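I've put the structures underneath this note.
Each of the next two complexes has subunit A plus one other chain: subunit B in the first, subunit C in the second.
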Partner chain A sequence: MKLTGRARLMVLFAVPVALMSVVRLWSGEDALTSSDTIGASLRLSVPILLAGMAGLWAERCGVLNIGIEGMMIFGTWFGGWGAWQFGPWVGLAFAVVGGMLGGLIHAVATVRFNVDQIISGVVLNLLAFFGVRYMSDLAFVGQPGGGVSQSPPQTSAIPRFDIPVLSGGEVFGWKSPNILLNLEERGWFFLSDLAGILHGLTHNLSWGTVIGVAAVPATFWILWRTRIGLRLRSSGESPVAAETLGVNVIRLRYLGLLVSGGLAGYAGGILAIVASSYYRQGQTAGRGYIGLATMIFGNWRPVGVLGGASLFGYAEGVKLVANDAISTLFLFVALAAVLLVVAAVVNRNTTRGIVTTFVAVVAAYAYLAIDDVPESLTQSLPYFATLVVLATASQRLRPPAMAGIPYRRGESH
Partner chain B sequence: MTGKRNVIDTLPRPVVTLLSSLVAVLLALAICGVLLLVTGKDPLAAYRTILETGLTGNKLLEMLKRSTPLMLSASAVAIGFKMNLFNIGVEGQYLFAALIAAEFASRISAPPVLHVLLTLVVASAAGAFWASIAAMLKITRGINEVISTIMLNFISLSVMQWLFDNYMRDDSDGGLRVTTTEIAPSGQVPDIVDGRLNGMWLVALFVVFCYWLIVFRSKFGFRLRSSGLNSTAAQTSGIAANRMIVVAMLLSGAIAGLVAMQSVVGEEYAYGPQATPTGFGFAGIAVALLGRNHPVGIVVAAMLFGFLDSTSAVLQLSGIPNSIVKVIQAVVVITVVIVNEATSRYMNHRTAEQTAAALRADKVGT
Partner chain C sequence: MRCGCVALCRGGVTVPQRGWVWQYLSMPDSAANGSASANGTAPAVELHNISKGFPGVVANRDISMTVERGTIHAIVGENGAGKSTLMKTLYGLHQPDSGTIAVNGTEVEFGSPSDAIDSGIGMVHQHFMLADNLTVLENIILGAEPATGGVIDSREAARQITELARSLGVEIDVNSPVAELGVGQRQRVEILKVLYRGAKTLILDEPTAVLVPQEVDELFENLRRLVDAGTTVLFISHKLDEVLAVSNRITVIRQGTTVGTVTPAEVTRRQLAEMMVGSDLPQPEPRTSEVSDRVRLEVKNLSVSRPGRRDLVHDVSFAIHSGEILGVAGVEGNGQFELCSALLGREHSNGTVAIDGKDVSHASVRDRKNAGIAYVPFDRQREGLMLTSSLWENNLLGQEEKFTKYGFVNVAAARAACREVISRFGVLTPNEDVPAFALSGGNQQKLVVGRTMSMNPAVLLAAHPTRGIDVGAQAAVWEEIRTARDAGLAVLLVSADLEELLGLSDRVIVMFEGSVVAELSPRDATPELLGSYMTGAKVAAR
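What follows is the complex of A and B.
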């Protein structure tokens, strides 16, 4: 049985939701699919998502970007400073510019001077980390509430809104019904879970988040549906071939890295302006690296990155809203593995059957044996998941062929 | 092409290398000078303060002390670089090793010198163990070590936090101490100059010397470097690539394991999330790049970084944000890699032209 296209997507979405519903009813942990959890997950996903997109843009044009973290740091600082001085929207714009500055440094070093791309990224992270400290020292020290490691608090925030009718938003002063919340509170199988998830995604939304999520369709459209996108990807797949067809690889790599930096900067801006109301040192907390992981996890595709960021954001969201519910995720994994066992039996795939049975048994045991997963260990989930994906599915991963290899015009024969 | 020779062409390659590093450092100082000027500080005053305070006896000792972890982590990174392995995981390796070694040292009792030696061996083993995960992932599953060591850095931090919180924290005085149990005096390394320079500095120098012996003077080192220069040629001539990866990674991790030992057995006599310094893994990459993976270069670059770090407290007092020294370090590395790249391109070009000219002359002669 092979599903294609939309049907496949529907199954891919509906089956996990149904499973979550079963797990919720079984364990009584309503927080698993509550709108609070999903809302928190969304807020936590967006910076990771944008960091992943930053990696995608850079690697698609042929340059590895280990420096996402540094570009995000620039984003948090410039965003925090701009928002404190001129208000949140200007702050977000500054964050993008700050990130692009990082992208430009990376581009000059790697594209212009052919410095090793990993080295340039690593050094960029160092430069950003200490550079913003220097700037904080000048801009924030002595200001009320500010210091060498944080900016003064911002006085205004990006507006938030609820979507009308679905989640009770206002339309021209008319308070619309909150259908999804109503449905969520019934506690029905599947429907209430679906409503909880949708309610989480449609209420108390920040415009900053919405713009961030829009980066996914925008990236997909630009890179896969426009001429410049095709050229940009071709300079990551085969710069020599692209150049012979008249594509200016150097210029496109500059462009790709500027966009990459801008996205990473915006991710930082979200952290400093939307997720909190001031810049703080260490605000990025390694999310640039999680973004890098997400890019690999998502197989260098926008929708894949979205999936990875949602997964990692959800894990963080559950941890934040309902830390006790973390262990029930083992039950979810166990049930999902059981379904995969059934699928493997139907398809007569012995190896997959054995592997999934093993996973099911381990996850079931973990659910029964572990009540309380140490928080210190759950933090490393994204990194661990990425290593597992790389170790088990590397045959299916397809990174851009020439990402990481310096290109010099006219030197390839 | 015109055959005109400028001054640079007459210099031998090592001199050009040295000059280019010098130029890079000066360029970095100039860039940071502009940064200082733009932000309203007097660059000349800042540099004068750095020189005047840095060149006093106590500060020079501090410089040596601060260079200890840098030399070690740079050597760890450089071993990888020598065979095109990028060990970004030194950070995770050395912190993991510091925790394990500190816990080990606090639990055993042994005669003075042996106690320290055992601790250092355990630190190296722990570092090598953590590095071996990346090596195994690379040779069995083909996972690029850059990605795996980045991921392992974070996994290391969370595993350590878990171990520390649950098993290794010293809770004897009601949880006030946020460290492991203090190491007994027999396991402590004494200072060479009281309170200023610890004996671990000599250990670090010795490790750099071993790095030189292993990489530049041994058969293994020859294989290592040839794998790095041309892996295909190396494999064709019978060098087992996978074995080289494992051994190089283990060596790198073993050296990385010692990075925080000056703090663990020479200063704090324990591991603590706040007490043990972080960030040396990345600083080590910078030092290795600046020192061009050469032992002498590494020692000099580590001293330069140590020198800058030692002046930061005084700089803050004279009204210049001390983070400028870290910015200078980062900019130095950027300019060094850029200038290195440009020089080596130029030198290759020069060699090619000279060879071509010699060939032409030969042809004309016959």
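What follows is the complex of A and C.
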């Protein structure tokens, strides 16, 4: 199929939605595309999305960042502390600063001292985990509601809003109609599903979430449209060439890691301030690593990372809001696999045909046989999807050529 | 033309007492200037008495030369004669110990390449400095981006680059990733990169080393256009034919100093060669050998496949006899590497391979090695050596079985074996304990070749056995291969150096896109003919 970029994106979006709609009508399970589910998915996607963006910034400038989890932990702690002390907005700023601190540590270790990038990242994760525990001991123990593993609850929150006209937001005191909700409740094929998804994305929005999602276009614009972005990417692709043209690779790698840390810190801040109202130990729950998976899934590109993060967020959202509807997801997988079988037959790709047929059969069997899906299985679904993507698309992935390779100034290859 | 005399008198270099050399060197300026377009303006570049030493060696000594504006000026000399050192001085990569540089008549001092760029001097490195995943446009503008408020003005950049490309006489899609370009196009990108920065004097370091003959012609065509537009080109080479064909003037460097500057009309190839070496050139001259009837390596219908892609090696068949060298010509990446890997058993392949009549098609690497196959790898540092380990450990690689008993290495014997390789192959090293990275490329290669030869193989796969090593080491490696051949070895020689291929081989096959497209006798094969097979321009029935 020869489709231009925009048309392809439309198809990639419309076909799954239509499938979802079929599944909904077939099984009578409305929750899959309800605005509640989508809203929860959005909230759960944003930290993962930002973690993925953090990975993207680090690897684009040429440094692997396994330490995103640690930087997020710094973000949750500093965010939780700042929000408790000075209110939510200051808390978010503190979260960014905390993450940048982690990024700076990683940068000094890997760029200045050429420590192995994996090792530095792992050390950072451990340092963050135990470091914040120590700081909690100093700051939170003895406070009402606080302790060594959590902060006292915050008293105020980031404001939320509905988008006017579309989702019933208020404009200067005028209560606008709620078109999308109205449409969603009709239960029509496709249209109601689309309305449900859009309603989920446009109502009860936190400003913190909006700012987080804005990282996607901002990242794309900075890295692919500006001078500093080109130079930053060049230091991840060919630092030697960049240096011979007068680009300061070392400084750009510091910059890339600071931005990476800031994004990871903000992701942590969202967890501590927007998704809940206090810092709690273990709040990140491995989302830093999931972020790295979405970065690979998204082929080191912002929109791709957005796609990967949505996938993970949706899986979590469904689990949270519509746990009963999970078995219908198997029906969705089965139908999607059938479509892929058809595509494989048309393209005469035997291997892909066999694999997708197998998937379709297994998923269909699972839908018919399983009533109660164990939680661990649903949690692993996004990882499974990532593995499938990596296995099938690995030849088309284009990671930055020199990510992970230490660069010493004046050293030629 | 003062330069030649200066170098001779002050450097005290002995020039062979041949009439013609003296004739040119003592010629007055006007006479030698004959074809150069000396138009009354100051020369583009003038070097006076440049000397540059590195610890232990003097790389350049009393070098003086004048490059007129709007000319192609070649600098020729053997490997290690000091050409690259001189060009690095001119490009500001290091500073001369003494002497002066003048650009357009003004004396300059270059602290770094950016100073040189500011003076309008640009360098195209032998190894391309390009980022594969970035587009042509991004590679060219990097570091000098046209931007308003930090946002890159891609349209303006594309316009400028297209204009430059037109002046060079090439068409290039500025938005395609460099990874998709061929070697020749990448070189154009490098040249555009330099021109984009406003260079008026281009230094090209061995620009033709990576090109096939047709691409060389295109490059020279492009360079001529540039020169006609007023650019000055300085290019380094040791390929005399192309130097004579393309340049307005030729400066010869030997043992770190200038021997003289001549115009191509004045000298023959032979005379230029003698100026370069000071005596007869060592050459891989064809030598008659006794090729016996005994087949040592037989390959039938060998293919290496990748799912969903064209075969990397496609249906290749050949036989090499005892005492025969079979040359493999081809642009790099046309299946030579995979062919060697398949013969070694490192790569899964279809078809049959037999060594001394014994079928090893399904044998492991070790079994094939025991059957007598040996390998001088493409990249000695990546495939041939453990760089941080000592020489004797490196020499032990691949023959551990010979030197171990009950699982313990007989260190004394292994060291003795290494010492033998060192002395027999003339590896320059204090002892066998130094780490491999401490050796020069040539000496590393001698060790790798020596190790391979000391295993007494029946079949030798030699991939680029003399790449990147100096003339002396080159001659030594050639001699070793010939000696082994004379002793009955079968050799598969993969090389990018066509002179080497034609000089050493008894037969030459050409690989293109994984298939053997031609089989030639070195007597019939010219570099041009090989080139047209190598680029797929010409296909012959075998």
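Simple rule for what comes next: the second predicted complex is superposed on the first by the 403 of 413 C-alpha atoms of A that agree within 3 Å, B and C clash if a C-alpha of one lies under 4 Å from a C-alpha of the other, contacts with A are read in each partner's own complex, and residues count from 1 in each chain.
One rule holds for everything that comes next: a residue touches a chain if its C-beta (ideal position, glycine included) is under 8 Å from a C-beta of that chain, and two chains touch if they have at least 3 such contacts.
The structure presented is a predicted model; accordingly, all values stated were derived computationally and were not measured.
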{"item": "First (subunit B), second (subunit C), both or neither touched by A:D36", "value": "neither"}
{"item": "When both partners are placed on the shared chain, which of subunit B and subunit C touches more of subunit A", "value": "B"}
{"item": "Subunit B versus subunit C as contact partner of A:V122, first or second or both or neither", "value": "first"}
{"item": "Which of subunit B and subunit C A:A401 touches, first, second, both or neither", "value": "second"}
{"item": "First, second, both or neither for A:E185, with subunit B first and subunit C second", "value": "neither"}
{"item": "Set of subunit A residues, in rising order, touched by both subunit B and subunit C", "value": "none"}
{"item": "Contact footprint of subunit A on subunit B as seen in their complex", "value": "35, 39-40, 86, 88, 137, 141-143, 146-148, 150-152, 154-155, 157-159, 161-162, 165-166, 282-283, 285-286, 289, 321, 323-324, 326-327, 329-331, 333-334, 337-338, 341-342, 345"}
{"item": "Of subunit C, residues touching subunit A in the complex", "value": "113-114, 127, 129-134, 138-139, 141-145, 147, 150-152, 193, 307"}
{"item": "In the complex, subunit A residues that touch subunit C", "value": "225-228, 230-231, 233-234, 237-238, 240-242, 244-247, 351, 398, 400-401, 413"}
{"item": "Complex interface listing, subunit A residues touching subunit B", "value": "66, 105, 109, 113-116, 118-120, 122-123, 125-127, 129-131, 133-135, 137-138, 148, 286, 289, 292-293, 296, 374, 376-377, 379-380, 383-384, 386-387, 390-391, 394"}
